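Naming follows writing order (A, B, C and D), and every chain is counted from residue 1.
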Amino acid sequence: MMKREHMMIVAHEPIAENIYALTLTGPLVHEMNKPGQFVHIKITSQADPLLRRPLSLCQIDKETSQCTIIYRKEGIGTTLLSEKRPGETVDVLGPLGNGFPLDAVKAGQTALIVGGGIGVPPLYELSKRLVKKDVNVIHVLGFQNKDVMFYKNEFAKLGETHVATVDGSYGTKGLVTDVIAECAISFDVLYACGPKPMLKALEQAFPNKEVYLSLEERMGCGIGACFACVCRVPNSETAYKKVCSDGPVFKAGEVIL
Amino acid sequence: MNRLAVQLPGLSLKNPIMPASGCFGFGREYAQLYDLSQLGAIMIKATTLEARFGNSTPRVAETPSGMLNAIGLQNPGLQKVMEEELPWLAQFDVPIIANIAGSTMEEYVEVAKEISKAPNVYALELNISCPNVKKGGMAFGTVPEVAAELTKLVKEVSEVPVYVKLSPNVTNVVEMARAIEAAGADGLTMINTLLGMRIDVKTAQPVLANRTGGLSGPAIKPIAIRMIYEVSQAVSIPIIGMGGIQSAEDVIEFFYAGASAVAVGTANFIDPFVCPNIIAELPALLDELGFEHISECTGRSWKKGEPSVYCGA
Amino acid sequence: MNRLAVQLPGLSLKNPIMPASGCFGFGREYAQLYDLSQLGAIMIKATTLEARFGNSTPRVAETPSGMLNAIGLQNPGLQKVMEEELPWLAQFDVPIIANIAGSTMEEYVEVAKEISKAPNVYALELNISCPNVKKGGMAFGTVPEVAAELTKLVKEVSEVPVYVKLSPNVTNVVEMARAIEAAGADGLTMINTLLGMRIDVKTAQPVLANRTGGLSGPAIKPIAIRMIYEVSQAVSIPIIGMGGIQSAEDVIEFFYAGASAVAVGTANFIDPFVCPNIIAELPALLDELGFEHISECTGRSWKKGEPSVYCGA
Amino acid sequence: MMKREHMMIVAHEPIAENIYALTLTGPLVHEMNKPGQFVHIKITSQADPLLRRPLSLCQIDKETSQCTIIYRKEGIGTTLLSEKRPGETVDVLGPLGNGFPLDAVKAGQTALIVGGGIGVPPLYELSKRLVKKDVNVIHVLGFQNKDVMFYKNEFAKLGETHVATVDGSYGTKGLVTDVIAECAISFDVLYACGPKPMLKALEQAFPNKEVYLSLEERMGCGIGACFACVCRVPNSETAYKKVCSDGPVFKAGEVIL
């Protein structure tokens, strides 16, 4: 169940250029179930910056009561977050949203897992869970360049892993869709998280496949109350889904990207 | 004796704390977190005659100690609110204040007439001041004669008391308040959001798809306090105050300014437990300040030397 | 080529950054910290005909991301400003914009006539919107006809271009701006402070001795941006923007909204070096954003698809 | 000269109920000259709380490049300050204002030093300097009660020290003026810092003595530019002094309390 908790930072370090891994501990970890869920973090106790920041769960370890988040230092909130040290606490609301459906793919089947940039983190917990279910996983990860690449090795340990970089500084030069086409990857179910153009390209590329996409939208409450994060539903003028509480993961076609 | 109970037209509240309209949906999300019967009342999301999708996203943007929103009155429409949301809310022991909006006077009247019949709607709140819709909204909230006319029409059809929500985007809020009081309003709620805007430095384009939006949160608190201070001295109908409330101390400040109850908006997004927390903290704060009953605080900043008299339920 | 130089009526500025009136005194304190010749211009503290002490203290109060002030136009009076402050400022290579105020139209006219003769005064800024003085101030700033009349009278006597400072405490800022433009103003400066108030929880009394005060600082930035966005599309005279500016990014946001230069107020209190720091940071920011000259940024949020043309000095 | 510097916290601890001693280090210490001067501290890098907080210098040690401030946890700013740990920095503007005039009293003469509550800190550096000049110092310190009392021993090492507490929980029950009257303390010059009623009482009690009073006022800039902190001057409608830049120490009679 969703709760609010001041979680303690146990580890916090840069893992690539402007990319940080933040490990938190607290009872709240025991509420975290599905890969693809996110938490909403209030970074200071003061009114500026005012809003919570949505960040995906990248690893959930109930044994040690720890969870890990990977984030990019972007604006003021993540910059202030990056200054926090182990021993300090952060105010966490979560877990929020519905994660990736694990039962969409069966043991022995193949899941293609596609991540772009800072959309990669939630896919790691997803992949771990699928591997545990004996699903065959193939990862295609896209980054701007080698310097901002992270978790390649971690993913490689779980299954076949391809990397594309926009500038060609590592792996295939180009986009994740280039890799998928080039390697003629075949799969049963596709899971993806990343920038909207990437998600749109994947949706279009595989109209007849089962595809799950994790979306991002500017949020107010993060829990479904404020109507900030809605997206439209096909064939309706007024129907909508909320990214925070109905998503962030949607089946391709369920909402208009 | 309940030190927090307050009596307002149509509303017998166990405490003066209620979530503000648009910041609490229809209560379903918060009901997963705590028992809504703890609340003094609930101001539900603005209801219009037909369902509305609202504006394109992005609909929110952060500002220093505040946020802009341009939701655009998204709501499921009168019928669904009557058939699904209000009956669902009836499971809680909490009066509902129905926030209503429209593009025309006729729409307001029609919504008011119907929604005021719902058994758990104890008052209406006329949203005449939404800055995020093209038609209606703003004009109703800035021209005294228009606001008065609308108030009169709604009063004629409403089965419950009518509160009118004032816009802060006016030169003379006292003039608006007086016109609305004279037109028969039972109470005022104030303030709605201030019209604001943010522009993205990288793209040079407004952050909100709607370009402008309504500014809420702690940033606007001093403006809300000033307006309530002015209006409460000029009218004799009660005021439900709002604008940046985050704590029990803020609630007292609004009472001192002249409010008789308060609504909490944006703060629900930062701490979803803010309303029950404030309710829990108020008695100790009253002790510290030496008040028996919260009503003693109303207007204390301008009622000079008034003896401390118990005046609650 | 100077990428920051801008040309405004009466003002040939080496850069568009200037301290806002009332937030920099007459420059003496900041001159101990850096060379004032670095600044684009200086807007000096409001000058009235006679010396004024202003309001009682406390005169400032903090609010979330903002502050209230009720200085009440304290200043040494026209004569001392002419004889001591302006000559002292003449040692710096920086144009002065003289902010003038009064209780009557006659007072404005008299101050304008004299002060505009000072050799280092290159423009006047009519403070028709000070919320902290009983007489004058507010009324001049909220009624278009009154503001237009005052503008006309001052224009008749002034030897330098006249900028009029708009109040945000109005329903329709565009209407005010148009009336003032029509009356012959050479430029607009906006925004002045929003009228606000804080009440002390312990004493139940307003924190400011004057009770209400003017809200400034980052909290009001989204309101300033929105108003400049609206006004810049409605008038053709230039706008000097202000309200919560703290950084080079903020400056760009004001330009995108429609400003041609900016003033920095409250931020001087938080970081006395804020103006020279912003000036130093702007060129790198222009590089990052891909602009040759800062003037290209003016109005970019509403001038859609306009080709990037160099238009500076 | 006044400068802005991010000073490093070397020590920070509570020394009485809600009273903290904060020791900072940095080159700025070498600009700090007069006891009675203050610094203006920005507590967070964000816009809330917005304003700097004026706090007096309690000790200045140029040899170790350290200065100490003693403050009471009052509102939001000092509460946030109290959470800062050694190793962190704070943004300091200073030194500001004019301190106590040391040359108002000569070697062998007696200085009466009177402090009330959180007005006590700046008097410690003052007393140290006077003692170094071979001035005879007598301290009268007033506190609400024993729990919020601090630096009694430190002052006692420098000279005769009397304490008054409002509730009588330590020393004389009553106010500092009660102690002065009771003990019939005689002196050449009086220096005082504390709440306005105390300063007024002292001014009235010793109309013919040389009395220096350190004032407090709400501040904006702290450097003389904003006119927030003015006080009136006798016999004028418009004359004024600024507490921040003309004060905070004034000779009795110079300004209207």
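To be clear about the criterion, contacts are C-beta pairs under 8 Å (C-beta built on N, C-alpha and C of every residue); 3 or more make two chains touch, one makes a residue touch a chain.
A quick note: this is a predicted structure, and the numbers were derived from the prediction, not measured.
Visitor: Moving step by step between touching chains, how few steps can get you from subunit A to subunit C?
Guide: Minimum number of steps from subunit A to subunit C: 1.
Visitor: Could you quickly compare B-D and C-D and let me know which has more C-beta contacts?
Guide: Here the pair linked by more C-beta pairs in contact is C-D.
Visitor: What is the chain whose Cα centre is as far as it gets from that of subunit C?
Guide: That would be chain A.
Visitor: What's the distance between the Cα centroids of subunit A and subunit D, rounded to whole Å?
Guide: Between these chains, centre-to-centre, one finds 54 Å.
Visitor: Roughly how far is subunit B from subunit D, centre to centre by C-alpha average, rounded to an integer in Å?
Guide: For subunit B versus subunit D, the centre distance works out to 46 Å.
Visitor: Just give me the whole-number Å value for how far the CA centre of subunit A lies from that of subunit B.
Guide: Inter-chain centre distance comes to 36 Å.
Visitor: Please output the residue numbers of subunit A that touch at least 2 other chains, ranges allowed.
Guide: 47-49
Visitor: Could you pull out the residues of subunit B that touch at least 2 other chains?
Guide: Answer for subunit B, listing residues that touch two or more other chains: 63-66, 217-219.
Visitor: Show me the residue ranges of subunit A that touch subunit B in the complex, using the header's touch definition.
Guide: Residues in contact with subunit B: 1-2, 4, 42, 47-52, 93, 217-232, 237-238, 240, 245.
Visitor: Which subunit D residues qualify as touching subunit A in the complex?
Guide: The touching residues are 44-49, 76, 80.
Visitor: What residues of subunit C sit close enough to touch subunit D in their complex?
Guide: 22-25, 28-30, 32-33, 45, 50-54, 57-67, 69, 71, 74, 76-77, 217-219, 246, 266, 268-273
Visitor: Sort out for me which residues of subunit C touch subunit B in the complex.
Guide: Against subunit B, subunit C makes touches at 63-66, 68, 142, 169-172, 194-199, 201-202, 204-206, 211-212, 215, 217-223, 225-226, 229, 244, 249, 252-253, 256-257, 289, 297, 300-301.
Visitor: Enumerate the contact residues on subunit C facing subunit A in the complex.
Guide: Subunit C residues touching subunit A: 64-65, 218.
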